[in-house]
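Multiple structures are listed underneath, in structure tokens.
Common to both upcoming complexes is subunit A, partnered first by subunit B, then by subunit C.
On to the complex of A and B.
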């Protein structure tokens, strides 16, 4: 029986996660568990694979379990025939739907444990206000972030320290799961208004200003492909950016090639991007990729009706279908 | 001194669907209509064969304008190819404009096999617009 605890209790979440993982491994329901564990520093909670029930105490749920474990499923499935258990946040669960809809994942080979998510903290924002070296731990209690800094305890409003992508999150609760770790949380109220705000700001510029704006952004891009690697929608077996023959993307540091990369990357996830925002968060150069993805979502919604990707694995993405009376963005005379 | 585009001869790449627009070009030819010599036609089996990467690559390798021409909606030789083209290229066009590329640089038109005159007219008007815009510098390889 689940104990009733008010708010968003991270400790209890962690206990429950460990318990579910332990049971699943001991009962041989799954051969491995994908979750998060704590690493050396307070801001590190990377993804971990566990196969031994004795190790499940490593699992953790804290404000930094940001990384999406979903894409690891692809490697796992290709290398091993056994069933795997995976813990997912709201955004990650839509990644699971993404893979299912793209027919890249066999549902019966994954046990999905959904974790309702109260938002993840942005280490950069915390570092800007507190001395990083003195922070011992960070935890989220309700709408408050509680930090152990040196000998004292600091309580701050969580909103100012959450990741941008979490502030505009529409689905904090997992949309697909076999087991839910905790009761569902309610989505943030301001999520809807902030969704297209940045897109509209860029749209309001004139053509030359827009070009200059994006050139400034793309100038920083080092084409490390982190945005592609982390994206559950970028799940092709062979990515066109890796292909040598034909070579679609030049290797030289050419602004036109960088622009090419960003146009094609965004276009390949058009109608399939479910706005998890990992591309933008993971970008080492701070390129505002969500402004591109959301522009496409907005355009598709305006022209072909509202569609939200990653909610139903059985429907067809908007660019994979058509209607006879579709409007066109060009002269149709 | 103001920069003028006088003497500028643009390079325009036109992807024409084999069944309608290419036939339209053929009709313009056999009807001895003259149209802009800046246009280079690439024949594709269907307008939905045109991968957005083709368009970007054309710009990178020196095109000043790109035109994709296909059958009118409902007339596709493969039943529904151009309906997919319509959604896809609408989205691509929106994004290119959002990134600061002039809307005239990349155009999509429907031209049927019997519309030789329309083919010539569209090519002339596209060439005229691109001439006015000047060379494409935004998407071109610097190498």
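On to the complex of A and C.
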């Protein structure tokens, strides 16, 4: 148990966030706040834009504030010249660095409020154990998930109900921020081991099995592009898949085009993906996109030495440079 | 709709034997946009070219596809052909149906199908080809030669003799390089200094040559015709204008250090000229070993200097100059023998490298030209020469042949017999390689007239045996174990590229091979060009070679430079990258991968609502761009396109093959 059990009860977390947002809006430090709010159902805590200090009570911090708010910064910047405040978890903060390194974000136009994060809950896992309709609220206190189910209160070990991506999270604390909302947490002990476990499992298949495996995965893809849309590394002004001339991707539901899409997407984020796992989590068809991303990360680490994207926007990414000692691929000797 | 003409070449039987030309013509006639298709036995011949020109006029063709050999062979020929018929040369598209089809296939059926596919691909691209125009660029008519050995000296003299200005940069305090260290040269036994020093003096006196010694290239920017080079002129601590070269300072200097020129066999002073015939014959202070610079006290040289030329305050100076072309002639390092402990080099004073032995032979060397053992100063009566130490040795040294060792060892054996009467040379070899004019005769002389014994075999060990050295080997030809007791062992150490060759290559944006020798643009047809236009190679820096080859290459490089300078202006390459501003995200990953520094940031104004806002995007300097296409693959949104190879054109080709 690496998680600190002490700390704020959940309500106090939310209070703290509301307070920071309120102050920033009232002081005119920022003209808008990007955070999370509660929607109709217990498992919904989507991203919200607030401009009025009176609205900050809508903000929330709970086990479902999963969605990355970072990509919205691009739209914000395009739309006006004002400064915005944004709440970011550890994974989201690396998205900020992603945008900075890609020169897509003006740092001085963003106030970053870093929120150390103990992991987010997986609604599917909760539904498997508790009747969804009877759940009224879910809160995380220390390492315990506290559910209001009907009239009773259930306390369970949180770990069994967290998102898989949070279990392998190596950076639960924001890596870039102007203000840290509360004290930092420790990463989970087994995050490192689980990082490439799925990749290795696929690697162990023989070529034909591996191809069949990926064909099965991509067969389900409906090309909704949600994976691309949520990914902070997919931040081109005009994505090649949206271009008509040349037409990089056929419009028909052709397996070759789907395969083409996934390979190009994976290669476009190679060396740039910071493993937030939103692509895979958001996929309505359950395509294991993180396996593809991590396969490339593993390959890059093997070839060029360990590198983690999104930790330092000033570093030199291995695929964005050339060094004399880089493996050449061809041996001339 | 485009009017495309297709011309299929037989290339004698080269293509026609494996590809059914008639079927290819029939297929081509049905392809979209093709209005004419014909064949010729040799399209590159005058008749073949005339046929193309006539067809362009008669059928009003606006795109031409030629199915023939690789575009590397005749693309330029055919571009001129279509240009003379009034079309833009970039309307031409070549389908390589020889190297990539007929030459690699035996099955005529498969070969024909593939040829049709390749023609269809070229037709699809040709339909999208656009007119391209080369930009004119001015030329700076001044050359830079890097390295003042025999290669650099020859290149500088030849360029200067054509009337163009040359700057010759040398790292050491004097020009001369390796050749100055040699005693005699094979196969004529000319005295090396006697043929080299006149050339060194010519360099110093040539009105078109500016000599910059004790200096190194710091930074290279720009492109063919317009290089901007920063040269670091190292602090010599001696004012070359004032110094009269009297040598008083050298005589009085109290600090001694191993002489690089004498291969460490004797010591030189901290203020020194590398050798007596140095050009310029004026000293430099080696600050790392100077007593004043290391201990803060001394200044003897300043006290004795009659010309007041010593300047301890002198600092490195950066000179920035413009050049139109660069010749790289940086030479080689001798192979370090750390991996060859079995030969006792460094452990026993009478085990020498060939270059050290060369200094023993030389009249101005440490022994005044007498062959004497470093251990006891006695004349060696028996000397074992071991060949290929570090050469042709994949396991511990270089896999390649150093090329010069067989010949200089024959020379050493001959000179030994002349200098030490009654002496005997034993040469242990893998093979004796004597390809070169008069080389075989020279080698024959070594064993027939001078009594050298050649033993085919790798020496396994050399160890001291009293005041002698025991050499153990196998005579491969007889199978017998050989154990020889000799007075001296000479190791033919291999040659390496300069330790910092890769660093210089990066500054120049040229490539090196796996052994850090600079890579020529084509191993046969462009042996002195690099892949970077305007940068040429001469001498050992490109690979092992002897003096005649080095001089020939240097003169060849000089002609290449003169050819550039003889033009009024240069035509740029029209197949350069260009940026589509509305697609560019401005992350500049293209800039990071551009090997030519051709991409920079620019600010464009873009409409946002009612106002115009600035945005940073990439821009390509067409003069710097070499059209390599690295940027186009680094660009995720496909905003950067290579003219003549646009994304649209490539995708059309892919579709033509796959769909």
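By our rule, the second predicted complex is superposed on the first by the 320 of 333 C-alpha atoms of A that agree within 3 Å, B and C clash if a C-alpha of one lies under 4 Å from a C-alpha of the other, contacts with A are read in each partner's own complex, and residues count from 1 in each chain.
As a convention for this text, contacts are C-beta pairs under 8 Å (C-beta built on N, C-alpha and C of every residue); 3 or more make two chains touch, one makes a residue touch a chain.
The structure presented is a predicted model; accordingly, all values stated were derived computationally and were not measured.
Engineer: Between subunit B (first) and subunit C (second), which, if any, makes contact with A:263: first, second, both or neither?
Structural biologist: Once the two structures are laid over each other on A, A:263 reaches subunit B alone.
Engineer: Given the touch rule stated above, what does A:236 touch, subunit B (first), subunit C (second), both, or neither?
Structural biologist: Second partner only, subunit C.
Engineer: Taking the superposition as given, does A:322 touch the first partner, subunit B, the second, subunit C, both, or neither?
Structural biologist: A:322 contacts both subunit B and subunit C.
Engineer: For A:197 in the superposed arrangement: first (subunit B), second (subunit C), both or neither?
Structural biologist: neither
Engineer: Does the superposition put A:299 against subunit B (first), subunit C (second), both, or neither?
Structural biologist: The answer is first: A:299 touches subunit B but not subunit C.
Engineer: Subunit A residues in contact: does subunit B have more, or subunit C?
Structural biologist: B
Engineer: Just to be sure I read the superposition right, which of the two partners does A:102 touch: subunit B = first, subunit C = second, or both, or neither?
Structural biologist: second
Engineer: Tell me which partner A:248 touches in the superposition: subunit B (first), subunit C (second), both or neither.
Structural biologist: Both subunit B and subunit C are touched by A:248.
Engineer: A:210 in the overlay: touching subunit B, subunit C, both, or neither? Say first, second, both or neither.
Structural biologist: first
Engineer: Looking at the overlay, does A:82 come into contact with subunit B only (first), subunit C only (second), both, or neither?
Structural biologist: Once the two structures are laid over each other on A, A:82 reaches no partner at all.
Engineer: Could you tell me which stretches of subunit A are touched by subunit B in one complex and by subunit C in the other?
Structural biologist: 240, 248, 322, 324, 331-332.
Engineer: Over in the complex, which subunit A residues touch subunit B? Could you list them?
Structural biologist: 202-203, 207-215, 240, 248, 250, 252, 254-257, 259-260, 262-264, 266-267, 270-271, 292, 295-296, 299-300, 303-304, 318-319, 322-324, 326-332
Engineer: If we count contacts the way the header does, which residues on subunit C are in touch with subunit A in the complex?
Structural biologist: 394, 399, 502, 506, 513-515, 582-589, 592-593, 595, 608, 613, 616, 634, 636-639, 647-648, 651
Engineer: Can you list the subunit B residues touching subunit A in their complex?
Structural biologist: 52-53, 56-57, 59-60, 73-74, 80, 83-84, 86-102, 107-110, 138-143
Engineer: For a test of understanding, state which residues of subunit A touch subunit C in their complex under the given definition.
Structural biologist: So the residues of subunit A touching subunit C come out as 78, 81, 101-104, 235-240, 243, 245-248, 268, 320-322, 324, 331-333.
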